[in-house]
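Once you scroll down, you'll see the structures, which are given as structure tokens.
Below, chain A partners chain B and then partners chain C, in two separate complexes.
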Partner chain A sequence: MSSPLKVRIRTVLKNAGSLQNGVDALPDDADLHAAGLTSHATVSLMLALEEMFDIEFPDRLLGRLTFSSIDAIARALIEIGVQDEAA
Partner chain B sequence: MKDLVSAAYEAFRDELLGHGLLISMGVDGLYGRSGTFEHVVERLNAAISGVGDPDGPEVMRFPPGLGRLQLEKSGYVRNFPHLAGTVASFAGSDHDHAALLGRLSKGEDWTDMQRPTEVALTPAACYGVYPTIASRGPLAATGALVDVYTWCFRHEPSIDPARMQMFRQREHVRIGTREQVSSFRTLWLDRAQALVGSLELPATIEVASDPFFGRAGKLLSASQREESLKFELLVPIVAEAPRTACVSFNDHRDLFGRAWAIQTETGETAHTACVGFGVERLTLALFRHHGFIVADWPDRVRHVLGL
Partner chain C sequence: MSPWLAAARAVGAEIAARHADDVDLRARFPAEAVTGLRDRQLLGLLVPSTEGGAGAGIADVVSICHELGRYCASTAMVYAMHQIQVACIVRHAGHNPWQRAFLRRLADGQLLLASATSEAGAAGDVRSSICALDEKRGRFTLVKQAPVISYGEESDAILVTARRTAQSPPSDQVIVVVPRSGVELQPQETWNTLGMRGTCSRGYRLTAEGEMSQVIPVPYADVSAQTMLPVSHLVWGALWLGIATDALGRARAFVRAEAKKRPGETPLGAARLAVAVNELQTMKSNLLACLRLYEAAIGSVDGPSAISLAVAMNNLKLGSSQSVVKIVGEAMLICGLAGYRNDSPFSLGRHLRDAHSAAVMVSNDRISANNATLALALRDDLEPLA
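== the complex of A and B ==
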């Protein structure tokens, strides 16, 4: 069962990730780049996450790894202070 | 550190101007070239042809401009808005002309009386190739190989004579399957190193990234590096650091294939890659390392270039 934070990440990913086969079937640890997340879609995803969570990713997190899975995105968001309500 | 580098740029630029190799035009990054400088550029181009011609590339020569919509469709405006240049021109009435004359006579700014035209300045030599190949329909099984050479513009004024705003790129462009594109890039990595080595210039190959704009650009640059999509052949010109990229090797994946709907023989989206030689930068590197008098260059280097 996904945490509330990961559910919210999935919502953003559905709108901004442009993934052809959708997001629902992807496990939290699935490689998003392998699932078709292009570099330009990664930029859209980054901007949409910043808007949703009202945060700004610091430069050190602006890399492929940060956006490589739903788990990885959740870790990055928690690292910069986003609260996961279920925690 | 920065001031030392700036001083070195200025000193090298002044030497080039003093020897008459470059001609000042009053704008940073905009220079005329002397006959001697151009002769070296021509011989470098001939040496590049000597390496690439046996592959039988199709030769295309484009003007230094392209359609504004082509620049947009290629993604350049999205990724590099700070480097892009478009051509604007006056398109007013007689009444507007009178206003223009009034401003000119008073020495006032007149540039807002210009309107954008359909022409943009070419940012990289290969940009004319993709729509041309796309317009021909699906590729043959062998893909496409094109030799281009074009004046390019990038808005990055600098006192570094190796960072010009208007310069020429000689490129070979490969369009085809992922495998065809990958082997092309590997082949040219070896060829370029051998060629620059024969010119007795100290060179290293490094993973690189393009100067994408803004915070989104930082992410794109990081991705490009992490996936090793761009390599540069670097030569120290002004100082040991920062070194100057004289040749670049770019794997665009299916970026231009998607933008222009280029298809392989089997109906897949085509991949593209290009190898670009900065001919002015290599020429500057030759003058830097071998001296301002071509007749004094090492015999072996002059032999390679036929000088």
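== the complex of A and C ==
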């Protein structure tokens, strides 16, 4: 069962990730790059996450690792102060 | 000067320079110069000493590319493209035994590596593949329509990109090292271009097979961002600087000869020469600054993927590729008819034609478009200046 934070991440990913086969079937730990997240789409995803959570990713979190899975995105968001209600 | 650079200078001045016009005229591989580089152990320079190589760094390769670029741009480009492939294996082979053994073979035999990253139908986007590895029982087969493989027929191994599996999306790529014994090349396109004629970048239908351990054990996205892209732009920037340096050297010799003919008068071309020297200085400074940036970045874990580094390296490519055309053009105006002629010591036709490849062979427009996307994510630079 996904946490509320991960549900919100999925919503963003659905709109901004441009993933060929959608997001619903992907587990939280699935490799998003292997699922077709391009470097161009990573930037769109980053901007959409910043908009959704009203945050700004610091430079050190702008690597591919940060956006490599729903889990990884959640970890990065929590690291920069986003609250996960279920936690 | 390092012994490697001295050896490269000797190959450039004594071998590459002598054959450069013939290589250009006949659009043939610069075999003599590449043999010279091989004989002096300069092909395996980046291989770590644990694998029997010289354990040199990118800075050494950058300075060799600059040196060779002064004498024969095609030789310099072949050397640059080879070292880009070597750098990718050295940095990303990890503990994979096949890759480590291949590095030893590379150092022992001074193997020449080529690359098949572009693909027909992918519209010039090397970060997107159509072909895919077909894996069965630990072995793969692969068929790729490659619009350009530079010096493919003269190489000892080719690094090929492909989708990880037949089910993978176009962006989920791997890069695989295939010795020539595992490659079949069916020629499809010839290479008759304006410049860089010695790279022999012909088109092929490539068929490859091998073991799965030949796949570099890191996604191509990481290999590309951390090594292939920054190293390409550094070594290309260096060889283009070499072309510009030699062109301006000819212009300087011309202006000095004019000055000696009429003592006390400043020749007409001197003012233009001064402006071009300024442009060359900017080009060189940019290259050296980006080299330092890259060297600092490879020390950190996620560093080489950083957006600011990618933007800086793209800017190096965009800037250098434009500067080299501008500087050679200025040199031609300074030398006048003597530079425009094909049979004078000041001839600049080959330099000019080679220089124009810089913006075309990897499209500046595509790099600008990538930078436009990255600009959306780029942060303010808060680093202190010194």
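In this text, the second predicted complex is superposed on the first by the 87 of 87 C-alpha atoms of A that agree within 3 Å, B and C clash if a C-alpha of one lies under 4 Å from a C-alpha of the other, contacts with A are read in each partner's own complex, and residues count from 1 in each chain.
Just so it is clear, a contact is a pair of C-beta atoms (placed from the backbone, for glycine too) under 8 Å apart; a residue touches a chain by one contact, two chains touch by 3 or more.
None of these values were measured; they are calculated from a predicted model.
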Touching partner for A:39 - first (chain B), second (chain C), both, neither: both
Contacts of A:47 with chain B and chain C, given as first, second, both or neither: both
Partner, of chain C and chain B, that touches more residues belonging to chain A: C
Touched partner set for A:59, first chain B, second chain C, both or neither: both
Overlap of the chain B and chain C footprints on chain A, listed as residue numbers: 39-40, 43, 46-47, 59, 62-65
For the chain A and chain B complex, residues of the former touching the latter: 39-40, 42-43, 46-47, 56-57, 59, 62-65
Partner chain C, residues of chain A touching it in the complex: 19-20, 33-40, 43, 46-47, 58-60, 62-65
Of all residues in chain C, those that touch chain A in their complex: 127-128, 164, 168-172, 219, 221-222, 225, 302, 305-308, 373-374, 376-377, 379
Touch list for chain B against partner chain A, complex: 215-216, 218-220, 222-224, 226-227
